[in-house]
Amino acid sequence: MLPYAEDLERAAVEVLDEAVAGFISGGAGQGRTVEANRAAFDRYRLRPRVLADVGEVSLTTSMLEEPLDAPIMIAPMGTHEVLHPEGELASANAARALGLGVIASTASSRTLEEIAEYGPRARWFQLYVFRERAVVADLAERAAAAGYNALCITVDTPVLGDRRIDRRTRFTPDPSIRWRNLDRSAASALPQVDDGTAVARFIGEQLDPSLTWEHLRWLQERSPLPIVLKGVLHPEDAARAVDAGIAGLVVSNHGGRQLDRCVATLEALPDVVDAVGGEVPVVLDGGVRDAPDIAIALALGATAVTVGRPVLWALAAGGPALVHAYLAELVRDLRRTLQVLGCPRLRDLDRGVLVASRAGGDTYC
Amino acid sequence: MLPYAEDLERAAVEVLDEAVAGFISGGAGQGRTVEANRAAFDRYRLRPRVLADVGEVSLTTSMLEEPLDAPIMIAPMGTHEVLHPEGELASANAARALGLGVIASTASSRTLEEIAEYGPRARWFQLYVFRERAVVADLAERAAAAGYNALCITVDTPVLGDRRIDRRTRFTPDPSIRWRNLDRSAASALPQVDDGTAVARFIGEQLDPSLTWEHLRWLQERSPLPIVLKGVLHPEDAARAVDAGIAGLVVSNHGGRQLDRCVATLEALPDVVDAVGGEVPVVLDGGVRDAPDIAIALALGATAVTVGRPVLWALAAGGPALVHAYLAELVRDLRRTLQVLGCPRLRDLDRGVLVASRAGGDTYC
Amino acid sequence: MLPYAEDLERAAVEVLDEAVAGFISGGAGQGRTVEANRAAFDRYRLRPRVLADVGEVSLTTSMLEEPLDAPIMIAPMGTHEVLHPEGELASANAARALGLGVIASTASSRTLEEIAEYGPRARWFQLYVFRERAVVADLAERAAAAGYNALCITVDTPVLGDRRIDRRTRFTPDPSIRWRNLDRSAASALPQVDDGTAVARFIGEQLDPSLTWEHLRWLQERSPLPIVLKGVLHPEDAARAVDAGIAGLVVSNHGGRQLDRCVATLEALPDVVDAVGGEVPVVLDGGVRDAPDIAIALALGATAVTVGRPVLWALAAGGPALVHAYLAELVRDLRRTLQVLGCPRLRDLDRGVLVASRAGGDTYC
Amino acid sequence: MLPYAEDLERAAVEVLDEAVAGFISGGAGQGRTVEANRAAFDRYRLRPRVLADVGEVSLTTSMLEEPLDAPIMIAPMGTHEVLHPEGELASANAARALGLGVIASTASSRTLEEIAEYGPRARWFQLYVFRERAVVADLAERAAAAGYNALCITVDTPVLGDRRIDRRTRFTPDPSIRWRNLDRSAASALPQVDDGTAVARFIGEQLDPSLTWEHLRWLQERSPLPIVLKGVLHPEDAARAVDAGIAGLVVSNHGGRQLDRCVATLEALPDVVDAVGGEVPVVLDGGVRDAPDIAIALALGATAVTVGRPVLWALAAGGPALVHAYLAELVRDLRRTLQVLGCPRLRDLDRGVLVASRAGGDTYC
């Protein structure tokens, strides 16, 4: 099998239980946001430069003062053990080998300490804000102790979105699946219900929907690590985050899982980039599959991108080796893409190499 | 069965006679307006805010001084008895239980008094203007006596539209079906013809195509109830209605049943809202299926929306319980949608949470 | 069978030889202009007015001083005898019965005198300019003698377009088919070749590709009848035609048969209307099937429309009775459309009842 | 078989090995650029003029002082022997017979001298810049000696694009295939690997990715022939090329084979034409199939177009005779297209005969 995202998805759907495949690939409501995240890239075309000396091409960048060998981070996704016993260590290992970043999930099936041990130096810890603040404080401390560079607070999930696909398939997480990071708290296991609402109930019970910028300040004061916000789409929120001392932003709609008819992340990116004005790095999360996708996101001002579902599909379809193969091919293709674009360094990717279709464009009311 | 509109439609089409299913779902001509009503929502994407304290979310609004627990009204649709013996009482009951509004139809198979007895306090009576004005006066008085809040005059049906689907299926209403509100008049039964034109003939014989703003004044003077116009699409008509002392507007194209290639109601909404300038409530009728649809309509300035065909599909597919389930899910999902949007109150839904595609936009010649 | 264009087409394709069906329905090259003529209507949506007193609706207009009961003319199309022995008399009869206009074709299988005898008073004679000018002069005189109101000169066919569909099917006109108007000349029969190029050869041999505005003046001076140009798409040509004393224009691309990737006629209409400035009537030819299509064309400034292929499909599928049924339904539906639009007279159809999509719009380079 | 591009493609796919067919028709990545090159033409529609005297139509133009009987050149494509033993001589012969131009490929299976002997006077030699400059110098001298008019330097291939289709089919060029032009060097044969990467490895080993404008000057100084750049898409590169004394430009994305999500060549053309300001000829390469395509490209400012894949499909499906038939039909149809457009000379094709859709348009960020 060739390690292209479309091949991985096909292969994963074949080996996985339908409900699990649906849980991974599906989105909120009728799935329009998942589609929109992909389709948003179609608005742009790349316009190469020629005779630019691309004998040597550099993909390196830095993220919160840690170097990345390529502007790619593994998106935070939970409970990889459902797909393979190595769990999150597979992508952490591959990321270390290739010099990519990792955003470890609160909901991982391996502990943040294990992931830190096997993962790359460029690593963030994704943190949900639990009603029980002691859990939050404990995780924040552990992340700092384990050498994470930042806490990445997910702010797009005050409640779980309309996951009707899971209700249709009656998706029931394996009872052996635990969120190991929470082993010390009472919240490490999902409710055992068989109507597809296990995750929704867990989120509803555990997370705090009343979160505000004030609570965030509480966390900032208490956290030894810089704080990144994940799930920002509105430029006013982006500007406020910078004012509030946030160290970085992940433009994300939770992979289209929180809201049907949500703005695509690539659509939201340019306004967020403009609002941020270069003060902090902006990471694009959602819909990235290929190197040209990455080139478009960076040309629009992203510092890096995340990859999500392809990593899970690879893990399901071929285990850790295929995760590594996918990421390695992605890096190789990004290098080739920069060469063909006549852009020897990432900073050469600016809006001059993009053509935007009027047809697919967006105006804000 | 899960109570989502797409599931209800599929289930209803399975249980219903093809001609009845076509009568319910079909539109004028080749059905392009029905499609346009749905497609118009695709022009918009929602752009959430974060960290907005959505622990408490309120869906309440008021409509002509009656409170609604959610900004949803049941659209006026006739002769529910074809689908279930409880007829219109099913949706009236569900609306009362959930705190929604009802617009009872002249053509209901239960009388307006029955619907008032079982329905919610927020109720309007939809009134066709018959050639025989005594019928109109009688219905207006009965509606007032039964505690309706408004007369909702349908102004988009001077004659019936091009219902070629009914001619193709030779749709023949069951002879037992009567418009019970008209039992005292000669017009309570549809003509018994089998070429699919029964409704068209009835409308042609009974309704007055020469209606003008002057006749409307006659009705206003005589009616003890405020008057709402249903079927307004043009901003000049909207402005004139406000000047004429109309109490509210329903932006409607009769569910796409009156004119093929008609403007979609959501397309027409912003200009109508601008023309009305907040003087009276504007209700969006047409194409609403899900909570994100409602969020878009409200962000564009609608005070509330109606739901129509999904209620009939639910009634056909599962009876009153499924009608209730659909509406309850819709309200639940609207609450969740507001939470994910970071909008704790309906008034937080403004154009700032919308992104509009240039591609799907419209300009007026 | 119901007399709707889509039903007629389906039925005609069933009864006709594939090559004949292709000859009728096909267009130049890959058929994109045929599609574009239809798709151009999708750019527009109708936006009704309400309470406008549509008890009485008038569809009457006048065309070169002859009254029309509805703004519809039969497009000039050749050799109807292939489809039915009554040939062009079928549509001429129906037009007379319904008060529509007829544009009789040079290539008709009935003579212009027969068509005049059975047809309506509002009739034009479509004239190709033959290399042999005596043929032209003769036809012009005969048309005047037979009481035609105008000569309608086709200017879009200096040579025949790329009819690859006819080459694929090796379309071979029946040898008994003659252009009866030309019985006195040597040119009445198509070449008997079986490679699908019979019509192209005939046109190439008989018609004059070197025609200019000067030749037109020659014809104007010699013709007792006013002259209308058919095939004008460019506003500069339209303006020049008015300056040259032309009495009317038919915006036409020959039903998409002359040029693939040609501008759709409805796309070309507004600029032509603007260039003409109301000096002469502008007839829209191409893609009209339904009453809403007519309403759109008239709202954009057309005085009338032609209908073409549906007439042939009806003739093939059901003979003269079905031709009449189609046209009668079209008139009935146009009346109903005006009622639903709140436009009691044709002149109420202006750009105020149209909404144009930005997405489907066109700009001129 | 009729010599239309769509028929040729279908026939070629039938006779060819799947991997060879994929190699010919496929593009980089998921093939979106190949599709975009075609779809870009859909943005435009042609708007004919009438009464323009098209009895005599001229298709002649000149290209670097050589006359062309029609504004068409054969695109440089390698190793035609895979498809037919006559190889590149088939299209060279046809081009001579029809008065078209030829751009002979470095990678041809016949030598540039043979092609010169059988080909037309209007001929360019396409040259890759090898790491081994002696090869370059040798080819440049031979091209001059063989009477080529220009060296056409390909600047879009510093490395080979993402040819995943070849990896999927494990495309393995026949070991007997040689680049005969390189017989004197060590580089004439592709590596014998069976994983679909033979061409990529060859390019990676042989070509120089560090090429710059400075190297180009070296070549200009040393070449007895004027230099044309193939692969320019960005207007800044186009302007720089003119300043650098380049004699002509081919707007090309290598047939969509170098970069997925690349700008379509027709999209890129207008800005390049504007940047060049008429100083040097601009040739449009990519997506041309039919005469209307050529008319659009010329109306946008191209001096000529190339045809590529259809020539290979014809060669595969019917040998040299079909190559000639395709090109002859293309010329015949271009003449007819100009007649129908009312444009007796190529220079009459300007933006006035084009209508551009807003929907398909592009804006540059």
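Some observations on this one:
Chains here go by letter, A, B, C and D, matching the order in which they are written, and residues are numbered from 1 within each.
Note that in this section a contact is a pair of C-beta atoms (placed from the backbone, for glycine too) under 8 Å apart; a residue touches a chain by one contact, two chains touch by 3 or more.
For clarity, every value in this text was computed on a predicted model and none was experimentally measured.
Residues touching across the chain B-chain C interface largely differ between the two copies, under half of the numbers being common to both. The rotation relating chain A to chain B, fitted on Cα atoms, comes to 90°, given as a multiple of 5.
Centroid distances from chain B, each centroid being the mean of CA atoms, peak for D. Separation between the centroids of chain A and chain D, computed from CA atoms only, is 42 Å.
Remark: chain B and chain D have CA centroids separated by 59 Å (rounded to whole angstrom). In chain A, the residues that touch at least two other chains are 358-359, 361.
Per the contact rule defined earlier, chains pair up in contact as A-B, A-D, B-C, C-D. By the touch criterion stated above, chain B contacts chain A in their complex at residues 2, 4, 6, 41-42, 44-56, 290-293, 295-296, 333, 336-337, 339-342, 351-359, 361.
Those residues of chain C lying in contact with chain D across their complex are 29-30, 32, 36, 155-159, 161-162, 164, 167-168, 208-213, 215-216, 229, 231-234, 236-237, 253, 258-264, 267-268, 358-365.
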